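Have a look at this one.
Going in written order, the chains are labelled A, B, C, D, E and F, and every chain counts its residues from 1.
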Amino acid sequence: MYSVCVRGHVMIAHSFRGELFGPAQRLHGATYVVDAEFRSRELGPEGVVIDIGRAAQALSAILEQLNFKNLDDDPAFANQNTTTEFLSRVVFERMKARIVAGELGPGSQGLAALRVTLHESHVAWAAYEGPLSSGVASA
Amino acid sequence: MYSVCVRGHVMIAHSFRGELFGPAQRLHGATYVVDAEFRSRELGPEGVVIDIGRAAQALSAILEQLNFKNLDDDPAFANQNTTTEFLSRVVFERMKARIVAGELGPGSQGLAALRVTLHESHVAWAAYEGPLSSGVASA
Amino acid sequence: MYSVCVRGHVMIAHSFRGELFGPAQRLHGATYVVDAEFRSRELGPEGVVIDIGRAAQALSAILEQLNFKNLDDDPAFANQNTTTEFLSRVVFERMKARIVAGELGPGSQGLAALRVTLHESHVAWAAYEGPLSSGVASA
Amino acid sequence: MYSVCVRGHVMIAHSFRGELFGPAQRLHGATYVVDAEFRSRELGPEGVVIDIGRAAQALSAILEQLNFKNLDDDPAFANQNTTTEFLSRVVFERMKARIVAGELGPGSQGLAALRVTLHESHVAWAAYEGPLSSGVASA
Amino acid sequence: MYSVCVRGHVMIAHSFRGELFGPAQRLHGATYVVDAEFRSRELGPEGVVIDIGRAAQALSAILEQLNFKNLDDDPAFANQNTTTEFLSRVVFERMKARIVAGELGPGSQGLAALRVTLHESHVAWAAYEGPLSSGVASA
Amino acid sequence: MYSVCVRGHVMIAHSFRGELFGPAQRLHGATYVVDAEFRSRELGPEGVVIDIGRAAQALSAILEQLNFKNLDDDPAFANQNTTTEFLSRVVFERMKARIVAGELGPGSQGLAALRVTLHESHVAWAAYEGPLSSGVASA
């Protein structure tokens, strides 16, 4: 199994509901350094898993929708705690939708799986991984 | 599959038995920067894999039992080389026991797998991963 | 010149005023990974620049005052853009005050300089450094 | 499942063929920081996955064959784009061959899988992983 | 003294002349992860050392001139070994010229010093630092 | 001012005397990831601060004297707490002696300063820097 990974980042505000979160119930924020790892069983004719330029652009476009925002005000996340693990899946699903829509190029149809990791500090990160349509993945 | 990971560290002394180890047969030591990655198929009602505060406390408590010690003197490791891979499993098993005992909160009962990584320098690390009781994991 | 550095982190929300900031004028947030580097010309009798335990506690206490907050609501920062460089100096001044007050132990009176660095992402950081009372520093 | 990982690096020149690559069609180069992760279900008698000294030597020898070269001139890569993902597999296959040949020691025969990761910058990496002869791996 | 730092990267080919360089006399290449640290004694009215957006754009433009090239073919470096330390100064001088030309905005005229660091691998880096026109710097 | 930096590491055991150190009074250990930064005002004829190969060899030789040892048993450190800051100076002085002895090549005589940093974990490091014979340095 091959992997190719690109990195971006996003800076957001939010707050959490539930005693579990202690002081994180207050409005605060985070920088997420985001890794998107694309997996494929085979290389395409050019010797690549995916067009890394398009992959980086897609990640950048997805993060731009979140960047410099208060996620508490985003209707897409109404009644949701935008935890790091939850946001990992949000980025996963939005990237998957772009892959399905063909935005990452024809070769991307052969991708087997995707893993999205959000680093929230030097001591904590979260991730979501799952299969893509045409592959058998490890989730 | 979701993951949440917390990081801690520990500073220990030890020595190894066996010609394989060359100069590491002498009493020496290491800093291990330790990552504990908790995996779950679903998010709990608050939108989390696990209570990250409790997870960090559990990792800290486990590392405290080893910290600032000569592992050659620890009866738990009698007749064992406390290599980085061996210690990865030690931390794994001790964390698993705390999960089973319910110390990480009720939601932790749904955890599928755990991966513990010990970074011993900028050029070497070891890990141990395995399934937890209620899940199907990648080990 | 000797240095000792300890690291912590803080997660905050804020917004900026001024066209210069573009989309960062909106309410957003950041994780700052914070390094506090203490400099001294000589080592104390125990062979240390400073009691590293007290230094880490002081950094933690300073960051706790900011953690999980919207800095736009903090009276201490009224009419101020809480940029990364500005916050570097805030942490610097608060640490300096604790040193002057003797909270880091008697040996800390001999510190020559302090440098505080805030990493806001994997591609940007800011810092503030300056002399402390009894030393000649590089600022 | 246990893992042990060692790190090395290599500095090469190359160029790519295909419009996909844009300016990377020109002769350029890269530093690859290379991680080789060895996986095993069990520890050997000394408490190790593999002789880490031999593993590091093998990685070093494999990278030495590529280091300080223009890969466009290497007959082994004729008519191939030496992309990061392609080179990940090259290192994987060369390490696998050394394992099969017994160069990493008798214990290495029980290795279940191998993962090779090439970091090409702070924002991109690629990897190849696959099973080894006697094990059942996650590829 | 305040600092603000932005990061970029560049991938180049080159070769060195002189027995000192051993195998690096052959055509090879490198990824340089590049940090540009801007230093100032005071903050501008918005609370910044420099317009970080313009700083990042300037670094990107400077690196673009080098990216995906064989530096042996660049007339600007004729009869020069483009070592990491030499290239650090090249980036320094090109950034300094942009600052002097006012490309980084009016506030940048008050910059005291600049430090450019090129990371060539996980085990080696080089840097060049020097004063800027209106300041007193540490070089 | 130019800098060139090389990295190595060392794994040692030791204990500290003094109530200040709390549990670190017990025999324990550390991995130190060690950076040696060489500074020079000018580049030599080949375009280098120093022969980086010789610099790396010298660092490796210095660290080899400490590696896989219990520093409590080293007569060179009798009645000394081998703290991270103390060891930073030890490596500094031993490297300085090699420079003075000409072991790093003739060009090294023009070095202005040296900074040695020991990273003891992901959250703490110490350093020592000072001038070398022929230069004016920042200590």
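Operating definition for what follows: a residue touches a chain if its C-beta (ideal position, glycine included) is under 8 Å from a C-beta of that chain, and two chains touch if they have at least 3 such contacts.
Quantities reported herein were computed from a predicted structural model and do not represent experimental measurements.
Novice: From chain A, what is the lowest number of touch steps before chain E is reached?
Specialist: 2
Novice: If we look at chain B and chain E, which chains touch each of them?
Specialist: Correct list: D, F.
Novice: Tell me which of A-B and A-C has more C-beta pairs in contact.
Specialist: When A-C is set beside A-B, the one with more contacts is A-C.
Novice: For the identical-sequence pair chain E and chain F, what's the CA-based rotation angle in degrees, nearest 5?
Specialist: The two chains, chain E and chain F, differ by a rotation of 120 degrees.
Novice: At the chain B/chain D interface, shared numbers over all numbers used: above half (same) or below half (different)?
Specialist: Looking at both copies, the contact residues mostly diverge.
Novice: For chain C and chain E, let me know how many angstrom lie between their CA-based centres, rounded off.
Specialist: Computed from C-alpha means, the inter-chain centre distance equals 26 Å.
Novice: Quick check: how many Å separate the C-alpha centres of chain B and chain F?
Specialist: 31
Novice: Going by the touch rule set out above, which residues of chain D reach two or more other chains?
Specialist: Residues 7, 122-123, 138 of chain D touch two or more partner chains.
Novice: Using the touch rule from the top, collect the residues of chain A that touch chain D in their complex.
Specialist: Touch residues, chain A against chain D: 1-8, 43, 46-49, 51-53, 56, 138.
Novice: Okay, in this complex, where on chain F does chain C touch?
Specialist: For chain F paired with chain C, touching residues are 16-18, 20-22, 80-86, 88-89, 117, 122-130, 138-139.
Novice: Would you mind writing out the residues of chain E in touch with chain D in their complex?
Specialist: Going through chain E, the ones touching chain D are 7, 9, 11-14, 23-24, 26-33, 67-70, 120-123.
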